[in-house]
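Here the chain labels run A, B, C and D in written order, and each chain numbers its own residues starting at 1.
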Amino acid sequence: MTVIAETTADAVAGIADGATVLIGGFGMAGMPVALIDALIAQGATNLTVVSNNAGNGDTGLAALLAAGRVAKMICSFPRQADSYVFDGLYRDGRIDLEVVPQGNLAERMRAAGAGIGAFFCPTGVGTPLAEGKETRTIDGRDYVLELPIKGDVALIGAHAGDPLGNLVYRKTARNFGPVMATAAATTIAQVTRIVDTGDLDPEAVVTPGIYVDRIVQVTQEATA
Amino acid sequence: MTVIAETTADAVAGIADGATVLIGGFGMAGMPVALIDALIAQGATNLTVVSNNAGNGDTGLAALLAAGRVAKMICSFPRQADSYVFDGLYRDGRIDLEVVPQGNLAERMRAAGAGIGAFFCPTGVGTPLAEGKETRTIDGRDYVLELPIKGDVALIGAHAGDPLGNLVYRKTARNFGPVMATAAATTIAQVTRIVDTGDLDPEAVVTPGIYVDRIVQVTQEATA
Amino acid sequence: MTIAPPTDRTVEHLDRGPLTREEMAATIARDIPDGSYVNLGIGQPTTVADHLRPGSGIVLHTENGMLGMGPAATGDDIDPDLMNAGKIPVTELPGASYFHHADSFAMMRGGHLDVCVLGAFQVSEHGDLANWHTGAPDAIPAVGGAMDLAIGAKDVFVMMTLFAKDGTPKLVPRCTYPLTGLACVSRVYTEHATFLVGPHGTTVVETFGTGVDDLAGRLDVPLTRIGAS
Amino acid sequence: MTIAPPTDRTVEHLDRGPLTREEMAATIARDIPDGSYVNLGIGQPTTVADHLRPGSGIVLHTENGMLGMGPAATGDDIDPDLMNAGKIPVTELPGASYFHHADSFAMMRGGHLDVCVLGAFQVSEHGDLANWHTGAPDAIPAVGGAMDLAIGAKDVFVMMTLFAKDGTPKLVPRCTYPLTGLACVSRVYTEHATFLVGPHGTTVVETFGTGVDDLAGRLDVPLTRIGAS
């Protein structure tokens, strides 16, 4: 059952120290910046964060990292032109890193949400990222066994949501949001607009409300 | 690259004897009846058909079965009030049957379309349908290893399509169509309406055109 | 099991007869918390929908690809593209959504539904379920979504008569019919009593027109009471 | 490899110099069949888009969830919600569609794209690819979608200079950098020549400003010619 939170602080209430937090977004598109800011204020620490990148500049995820709240990053591409906060923590040995191919990151979260215990994946066979993992040849092709990535919490950004928690996204800001929503015990969405129940086209709902525990409206102004 | 077929005969041209044919629909919703009729006329035989049910009454899939074209059915629920054509063939030993739990049917085709070699699934653990299959306990839960189901051809019914092959569906007629479209080497869709490129909302496209090889417009009248 | 039983002490309703089918459906509806996501199996379980409280916020899932399913459709509201898993025409409520079969079963298998209500041939004292096959050698096997539903919710409620037509109990020490799922049922609703089943065995929640001791004499399953320690 | 080479005999263009970067991009664009679904990797491969034939029906995929990607966006067309995998603002063409990351990578992993064009540090004579890590001990590992792209199309084309800045060949008997994928590349486009690579070794398609014999002297990879049997 979805709850509409009045504030981003209410939305992130109760996130525990040591939690695994899935954070949506690819670059800044779909990045739930207001929820991350609220999480920084909320104070949970020793987090494992799963996100495609490891922060840009000094805001959002980078600010969470800079605040020393993240013990481990699971991501596909930490190193970017402006990922200096992560780079510094990593070189100082103050953060753990698990690098996962981008599609495996998505598929492992999809597996968590779909009740799949593990899957044989062709990506990364014969590479350093498959070292130590079980491999198998099936129907003439080689695969690596990959395990689900479950979140305690997912923080995602969407375009519009209704009181039942149904969500739609905008363009490539969709990216990881719908997958992470399925993979976390508690999914928290920031949306640009909360619309009335019945206003979203049932054929076009991307994330059904069953996956969304809390939504909070964050106007464009507030995120800029 | 998607081709718009002028007739259902053109749409099903070239389906080979012995092919595995995925046929969409749940009950009559989403059932590509016109394509099945064209397949009967086309003459391919010794087919393996993957579909949720095994035909109703005397039309559609039941007619394909009655014509003796199907060597094996892979489905979740062959036995229905009006599945007498299948029932007769099965009791006479003239057709093979593989019964697959409905969700496994969908997920095994999803795996085929997604390049997953196999997956550990909790459905059916400890039941007769898991007999002879590899099992494994992962994180305290028991799973059965399930393999992909690939199609040579998928025949699906959709609501509207554009010349690039993008498809949208109507209500619960969506069912297996989008999954089968990903799982077959050649996907053939019958649609109620072909619209201009650009007329479908890019946010609401359910099956991107990359999965669709041929589409053919079949008016409501023609299917009734 | 995640939903607490409706009482903290076993209640024996001796001043009445067994529940009617309608009353069974109403009892199940009463026990489903507000705001739950629920899948009602085909047949009898479907009737639970008729007893859900107005304003309960309970959302119905149908495994053929929909959340927000409304009541059965009649007359002009019948749409051949909108049916439930039993292939009966239904309606759409505001806030509904549609998705394909792989997404729909991922939703179930991933444990996102709160409650499934299913029929059964047999349930074991530990919650094993048999509801897809009688084991008759000439039967055409057909499982449908039964095995997916059996593991497809945080709580799986079974709705069945306590005894088969020949009088043999359907709540049994061990299922003799082919299994649908292992240790998946959390609660069994029958006309004579409601039971919790699971790793610790079978507990009686309520009885109707009979008592726990009487039931214990008619079943091969050890029965415990809630609040009796 | 599913796309036939553009010539049935190795062609040595000796009357000109090596290809410019623009000419390399144009050569790759020429070799992509009409109607193909194509993913262009970040960096140099992105420039192939500028040389696609009008009306070719080629549809561009970006792994962050879109088919039907148009040219880079400028000015008022820039939309922060619409970017390519390199995080550069792009545009949407008629007939586009959006999907989430799991669906996008399922599309790649499932072999539905016709062509991926990627950069590389090294390619082996049999088509192994190294393009994500130089193996430097102090480098922060970052793979992104490289390993998914490497196996994510029926044909994987590499676009690279034939020699590293220190003059060592990048087409090698065996990659010394950490691998991105095994036996995944089907064709290598360089400024000096285009090569087919695969289980049968390396075949020269075209040379530019040099000949096969000359190249054979500069590479440690045995080279064969098309149509030389």
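Operating definition for what follows: contacts are C-beta pairs under 8 Å (C-beta built on N, C-alpha and C of every residue); 3 or more make two chains touch, one makes a residue touch a chain.
None of these values were measured; they are calculated from a predicted model.
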{"item": "Chains contacting each of chain B and chain C, listed by label", "value": "A"}
{"item": "Both-way neighbours, i.e. chains that touch chain C and touch chain A", "value": "B"}
{"item": "Which of B-D and A-D has more C-beta pairs touching across its chains", "value": "A-D"}
{"item": "Centroid distance [mean C-alpha coordinates] between chain D and chain B, Å", "value": "35"}
{"item": "Distance from chain B to chain A - Cα centre to Cα centre, in angstrom", "value": "33"}
{"item": "Computed distance of Cα centres, chain D from chain C, in Å", "value": "55"}
{"item": "Mean-CA-position distance for chain D and chain A (Å)", "value": "30"}
{"item": "Residues of chain D touching at least two other chains", "value": "92, 98-99, 106, 108-109, 151"}
{"item": "Of all residues in chain A, the ones touching two or more other chains", "value": "107, 110, 114-116, 121-122, 169-171, 202-203, 206"}
{"item": "Every chain pair meeting the contact rule", "value": "A-B, A-C, A-D, B-C, B-D"}
{"item": "Chain A to chain C touching residues, read off their complex", "value": "1, 110, 112-116, 162-164, 166, 182, 197-198, 200, 202-203, 205, 208-211"}
{"item": "Residues of chain D defined as touching chain A within the complex", "value": "62-66, 79-84, 87, 92, 98-102, 104-106, 108-109, 128, 133, 138-148, 151-152, 178-182"}
{"item": "Of all residues in chain A, those that touch chain D in their complex", "value": "26-30, 76-80, 86-87, 90-91, 97, 99-107, 109-110, 121-129, 142, 169-179, 206"}
{"item": "Chain A-touching residues of chain B, taken from the complex the two chains share", "value": "107, 111, 114-122, 136, 138-139, 141, 143, 147, 168-171, 201-204, 206"}
{"item": "For the chain C and chain A complex, residues of the former touching the latter", "value": "34-37, 57, 59, 61, 67-68, 92, 94-99, 106-113, 151"}
